[in-house]
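A short write-up of the structure that comes next.
Naming follows writing order (A, B, C, D, E, F, G and H), and every chain is counted from residue 1.
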């Protein structure tokens, strides 16, 4: 796991401040930004994948059954998937705390 | 000197409400500062803002590491933010929540003193939107008495024009409804 | 009557620009200067400021448009920061050599790379040869006052140089704090209407920006150099006049508890306020320390500076930018230049910190004094140290 | 761990821009960028201008990028990409560098494309580098807090084109960037939106295949800057196309074509009413804008040999 | 085998670029650098140099294209002067912080305004904080040698910094003179093929130019500062290796008759040659004078410099640029910084001249020594004088 | 003294640019500039980019200018002119500044217009300043010794597009600057040459009258850079127009018109053969260029509603 | 008469190096550049003024008789006037020395 | 050290011919310099160029104020240029002219030593153009013997390719025809 910015000493800074680990920002949990979240009604879902296409994170992937589900570690709760779902299979619900 | 740290989300007006409190304090003749945690934080991202209020000139401009008060504007932030980080001994955490103090303390293992108010509900009632930043200032004043709540009326009017009154009302309600541990 | 209001440094600058009845603003947004241009845009949109705002497509054009505007005799303002100041670097030299009284506020910011939008002085220091008058304000009140004075200084017929008003990015630009905002009445005739003596005008055609062959270039440059160095008097006069009217006194070099100080901290910018807290603390512990704030950076007030550190055995410089591959940071180089060879010259140590928005606290300033003492005591051959860095 | 699983699945699906980025909730620009990257495929090198997309994807020491990516400044991205392309080309001639064909891509917001980086783009197009320039047009400087750019539409309110007693917001017309690109005799120019992902992917692939510079202009709604709900980015794209605000088309070796013909343009009110930046506009002004949009669409149509009405 | 040929400095630079088998040249014409790009264009047109020449539309783009080219691992060259160097100012900082081994020749020129296309060092000095390795060549041979070395130094894995090779505009760039031009065979393996360790490559994706928040920016900057200051060894090694192969030795600080010198002239650039003539003349008159040439300007060779002036009671700096409103010129500021506080620190006087192509003659250098002597003798508190200017 | 007499007569004739300038013998650019100035009249302020025209007219402490004139840098002239225009406008509103109406004029060579100053020009056009930008196009960087610019025509030899074993000279097509200007929705664009002085004067006057930005592109032969005799500058202009190399036209509020219709284009060989920069071109290449010129002229014609052939 | 560049002292440099005397470069004799010169045949001249229009200096003015003549103080001898004269009234002759 | 100042017109190759002489001298193993008077001079304008030749390294790089030899490439320049300005005592002025030494000296009041050659005629004969810069180098060599004229052959070839020979021939003729006062 990459060191965080506030952990690196100057001696650990790579030459040119290059980041050598592709995609390592994915350790950052953007799900923390969420105050509402998408809930999928599998009964309505036709597995078209439109939600996946339009998720800006992207954080929707197919589960083992072939449903497209949001990974809440990343989902920011924008609601685009719900808005775009042609079958209204996704609803956005307020997050509990 | 009173030092306050606010937690909000990008786009929810944490910085604005800090500024309004500082401006109100200044209008009262006090010395005050308000500033954001200087970051390129986006809509939705957890952000911080700071308030300092004192009777004499304030010479510090660094971020507040050891606040007297922490204020959390958005209930969903409570699970995200380490609210008591750096909190001064005897400091207090003010939360926007529908839950009770006891529930909250237990759920999040907060040992510090806690005050709560359901600002989201109050804001929704008054402003038609669940944006609780100005509303929560009522709680801050209730807990700290750092300024007279009336001082916010002018500051709100100045910033929001016609909407100032609604915000002020919401703030007053929060002032009334804030419950504080041990008081 | 002055009103005591709460506002961030950026807004205070904007108010000064409004009070000055500025004719033209040409600027491009960049963090942490954006609030200045946003506030000015509002003022123009609302008719509070009767200026033309030129929404340029880059900072290079911002400064270039300022040249044009000032050259016809319009009161001209711009502001920028960091990369913006860098992008207009080439144009800065023109403003000063053409003697155009432009006022620019800079919300000082670190330079890329790596990209960093926060405060330090690398942008400012990279312009120290460009021939502008440059000074620093440390809080909202100061940047308001000094921006107002900047117009008066720049446009003064004994000056006619552009003026840069520096303020620390975020630490001043974004901090809401109280300041006294005078109204037009209180302003009175402090700032007379601009009266640029050589405007471009078809009724009296002049040629501005002729090229100078080797036979005369040196003469042009010496004339400029002498001229900028002879603005000291006017700058002080304007500040004194300001003090008389508004009660707030600015000086090229300002001191805090330096009278009998053996060790003097020299610094620039808003961290000075915290350094002052540290000095008070150390004094209370019986240490003979003082603080010298360099307010006027260009032209450098050599004699005043020497005077201010006269008592010192040790000078500790704190600065917020680096000279990669140089002997010391830019402020320290100036300090060493200034004190080189004088009688009983103090020992000098340079600390570089607060880079790219890294915060400093009064405690850290206390630590600086102690570390410097150690270096002096042990007679270490260290030119500078970068502080607050994880080792 | 489920997150690793997600990441693997996304990679398998060909995603090159990974989650965990700091874009605003519901950002249409990041969505557009993600689609563009996916269509480009992994054998690319990206040069990215300063702006939202750069800041939200690369807080040192981390990155959301799964492809080689370089950011230098705000105004020089096309020039940096020129260097990348020329460097690769020279090395290839001498038998060095990556073995596969590499597509060089420059990306910037409308600020860096229309304004501060226009010249570096113009130079790169003129020199004929084999690269793709992608402009993500969110009609303003969003990274610095929603200031106007020369892509901001007439009437829109931003922090530097604010509504005020003497101001109705932005007072200038949007620069015609595709036309500027055309003046450089480049072989491929296209407009697209993330709401039309198939069209977008097709155009990106064309740009990749054609030798020489390609200019791709992607409409990229910004909920934060435009003052919209967080779930309408795609809807806004659709409306922009269907109202004629943003015609979808391409220009291959100088020949125009609309790739989506809108017979009956929807009223622009449908598009504007979702956005706070237009909320202050009077009916008069909106009608005036409506007329302009129709007129412009007619011109575009005629250029494409589509008979008007 | 080396061939002794006559050519101006510009062409000598171009030959070095050709011998280096450079991959990419990205440059924009500007007097007095034009002959470099013209000659390289010819070489490319004739296939003598198998490089891509990117005919950028400005110097800002020239340096930006160099960033891109170097980032994929191509050997990259550019050249510019004066306003061009200014226009790319912002980008220079990127090349060094990103550690990209670009080589740039600068035909140093005065800065506008007033516009002047002739030589001085104001362009060079305005870049002294940008983190590049910078050194000066004084004639065609030196700029050839040093350009060749620049590739080796820049690309060395212990360095990875861009290198600027300065030569005086016109006085070197446009003077035809003899130099030894080695062929490929003699070059041998002196300059190995470039092997940039972190190229942009889809087969190993990296992110270059990430932004650094306050929490880590200082660390990045310190890392860069330490790195550039630790290139001294490699630079000297490369120069020593060059000397072994080609018989011409370069040193960070070079001295002429300084052993027992009481007064030492310190200078940079091609006027040094004439200063040397003056020193010889003065020596012949029995004066104990010597000359120190600063060859390596960045990173500044502090210890070597101190060593070189050790014997001196008086140091006289001659430099070709001004710091408007500063205490002294940039070279003198560095010199004062370097010597501040050392034991028996010499007295220092700064002379600024040769601005914008104003010629200097050996006689004038003799006069400098005499004027300095007068100033020292009378103990005048003069920081610098502008010389050769009509009063 | 006869010289004083000459000067007085020239002034009386309305000349604003005075003799004694350092332009090359037979310079077409200075001739064009002189004509433009005369047409502009004396109530102007000129901002002039670095380049031949600046260097030859302003060796301090002297000047050839009889009108207020400012030069700052190579790349920022349109921006300087913006400032001049805005400054005058603001002062006028407040009752200050010159009493008469003043026309603000920016001037630059093709280098400063097409290349290094393009962005500052684009910005100024976009913002809608009331000014005239005049590009003196001599198809190269002449001031610095004849280097290529993006206005240098295909095949022309310059010091940085030299003829060589692997090179036939310039390899790129000339940027279409008037089209770029058009993309900014400006009210007036025109092309002219000093060989057509009446046409030129008419266009300059139009530009002066129309409110908003005008872009004037003036063909300006450079005997030194093009390798011609010193007496053919005007002949070259005529030939450029008559061969279709440089169509004379204008575009008012977006509507194109040719101001000189060439029915039968002369062969471009007539034009090229006078110039050393084209001397190396093979017949093949010339034929190819000929075809391009004809094709381009056809496009221009069609835009103007002139039926082709 | 303006001071020459090599005469001005630094104290005489105007603020901003402005040139306050419009057109003062006309003191400079560009006729020195000439190695050939135009000769007008008044017999052929129809006083159309085309030569004046196209002289790049410009240095052709009307004389008292209405003929357009070149002021040789400025004329550089380019030959454009001769080339453009519709009546071939101007010839270019090599300069004597 | 021999120091030469050339006067020509912009575009006539004064700098080029100075360079060629220096290159030839260098090829002979000598030390030499050539450089223009650094100015933005245009086609037709009077320009200057300089040559230094010596047996040892040349450390000067300033303009030549006191030349040993002045060479005027274009006859029409004689009336324009103060040819003897700074000329060293005993120095010589070489002129391209059809006139005799006596005529010239009288006409222009030259008191210094003069050499002449009708280089324009020679150049026109050999090169078909009245461009006398290379041709005049023959006169320079005749007067100064600073290099062997043969050394120019290579330098010309290198610079002008096929045209080198014609230039060389023209130069040789000038060498032959140069007349020098007092010899």
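Quick note on the criterion: a contact is a pair of C-beta atoms (placed from the backbone, for glycine too) under 8 Å apart; a residue touches a chain by one contact, two chains touch by 3 or more.
All values derive from a computational prediction rather than experimental measurement.
Path length between chain B and chain C in the touching-chain graph (shortest route): 1. Farthest chain from chain G, judged by C-alpha centroids: B. Ranked by separation of Cα centres from chain F, the top chain is B. A separation of 45 Å divides the Cα centre of chain E from that of chain G. Annotation: 62 Å between the Cα-based centres of chain B and chain F. Rounded to whole angstrom units, the spacing between the C-alpha centres of chain C and chain E is 30.
One simple way to say how far apart two chains are is to compare their mean CA positions; for chain A and chain F this gives 55 Å.
Among the residues of chain F, those in touch with two or more other chains are 22-23, 25-27, 54-55, 58-63, 65-67, 71-73, 75, 115-116, 118-119, 122-123, 126-127, 150, 223, 230.
Residues of chain H found to touch two or more other chains are 38, 40, 44-45. Among the residues of chain A, those touching two or more other chains are numbered 5, 8-11, 17, 19, 22, 33-34, 76-77.
Residues 50, 54, 60, 71-75, 114-116, 118, 141, 144-145, 147-148, 150, 159-167 of chain D are the ones that touch chain C when the two sit in their complex. Those residues of chain H that touch chain F in the shared complex are 10-11, 40-45.
Of all residues in chain A, those touching chain D in their complex are 2-5, 8, 14, 17, 19, 21-30, 33-34, 52-59, 61-62, 71, 73-74, 76-80, 82-84, 92. Chain E makes touch with chain H in their complex at residues 4-8, 31-32, 117-119, 170-172, 174-178, 270-271, 273-274, 276-277, 357, 359-362.
Of all residues in chain G, those touching chain E in their complex are 7-11, 17.
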